[in-house]
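Chain naming follows the written order as A, B, C and D, and within any one chain the residues start at number 1.
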């Protein structure tokens, strides 16, 4: 598959997904709230690819709740469509994990939606972690996104 | 509100609910999978009413996963409809919690769906509990459903 | 941040909601994507209150898809919690419908999340409507939010 | 029960799926209601494979709402698990479409859940179709499931 649109950054991940019947609303388009799930699905797939999935983070003694999410809808997806979720890791110095997202329609490569998310680290007492955890600094070094 | 249909048993609970936009599918009816959530919402409301909510059970050291669920669809609900969920506790001697459900349309009292569920007790090691936990026997005694 | 129970604007709506079991994730907090649904539920309840629900709009020959949504998470909700969704209509001159949202925890009135949404009008050919539809201008006049 | 990987019938479809973060509940297992969605996802994939997807049926002038669904839970799926959904078409003479489902855990081939569904045909007036639609009889002939 060749989706000409340039990836939005260096550390990126793209994956196709099928629109599910249960995701389509009474306007016959994918319900807007489902895009938040598409973002998360893409983020998890990114995490598996790059060794920073929820389970990887959990096994290091942290959780990574979402503290901000946004989505801008340009076009729509409907029954029978295949979408492409593109996840871009956005480096930041603070103890946060930032992603940007783009969703494309596979058939015509149209940009359907853009979005972003911010996550923070909580430790095992559910306290906010103010400094980047060592394992995360290691991860950034490994992928040259310091 | 008077819904003439007789309750299906002695220990019962009824509650209205609004159909949410996100629950309606591309056929312009509530997506069939949402009824499983309506059942659970009703079961939780029953639990609050009768002192046997998930948190009550969890605080006793147990969880109560669903091991069987079924739903029969007679009619449909759509945008703007108010439904009524009716939950009936079905006594059984074994270490199970059984419910039957009926969902009505509020406007015309039509029976929209029926269903049932079976739950079992797991202890804190996630082991199946074969005998009714003492707190549950107490609960049954209190509500005369032994 | 000051969590005074002041409404964020003139035309506003507040409603309590119970956290549902199915909304709570493996971190034992409400899954972040559910807030998009809470916003929509609040928006629909606002619509019923003020005569501008999805069905009202649909009956005028329009749909009102969401083109932007954002959510900022401050705290979390969990099993057993009651939340309060507050919806504020934000007047704008262009042919858009803008809302801001605040979600509070009922027990301690803590501000749990803030958010916003933008919707646009589509006509019966699914074409973007660039001028405010007459019925919507009437509605604004009626509620003095021109 | 024997978990041999035998298909449960002649016309069958199997497909792996990843457990999504948002599908896992506060007991750290996939929420039981998600299995209804897994069944539907498998049914749609079956439909694409065998030329009887929702869109194929819709293009013939029919819809195919679910009138019965059931699920029996044997084990659980959790974060990081890959499941296998197996969909089996169950021939019947009446104007119904019946499926049986089995869900397996990929890592150890354990049978996690079984289930079934019944669907009926509605015509463009949303009237129940009592005789098998011609296109469906053709489909059955083609796949030798008359």
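Convention: a contact is a pair of C-beta atoms (placed from the backbone, for glycine too) under 8 Å apart; a residue touches a chain by one contact, two chains touch by 3 or more.
Note that the structure is a prediction, hence the values are computed from the model and not measured.
> When every step has to jump to a touching chain, what is the lowest number of steps that links chain A to chain D?
Steps on the shortest route: 1.
> Count the touching C-beta pairs: is B-C or A-C ahead?
The greater number of contacts lies at A-C.
> Hey, which chain ends up farthest from chain A, C-alpha centres compared?
It is B.
> Distance between chain A and chain C based on Cα centroids, please, to the nearest Å.
Taking the mean C-alpha position of each chain, the two centres sit 24 Å apart.
> As a quick test, compute the distance in whole Å between the mean CA positions of chain C and chain D.
Once rounded, the distance between the two centres reads 35 Å.
> Could you put a whole-Å number on the gap between the CA centroids of chain B and chain C?
Between these chains, centre-to-centre, one finds 29 Å.
> What are the residues of chain C that contact at least two other chains?
21-22, 33, 37, 40, 79
> Could you please specify the touching residues of chain C with respect to chain A in the complex?
27, 29, 32-33, 36-37, 40, 63, 65-73, 76
> Quick one: which bits of chain C touch chain B in the complex? Just the residue numbers, please.
Checking each residue of chain C against chain B gives 18, 20-22, 37, 40-41, 44, 53-55, 79-80.
> What residues of chain A sit close enough to touch chain B in their complex?
Chain A residues touching chain B: 21-22, 24-26, 28, 31, 33, 79.
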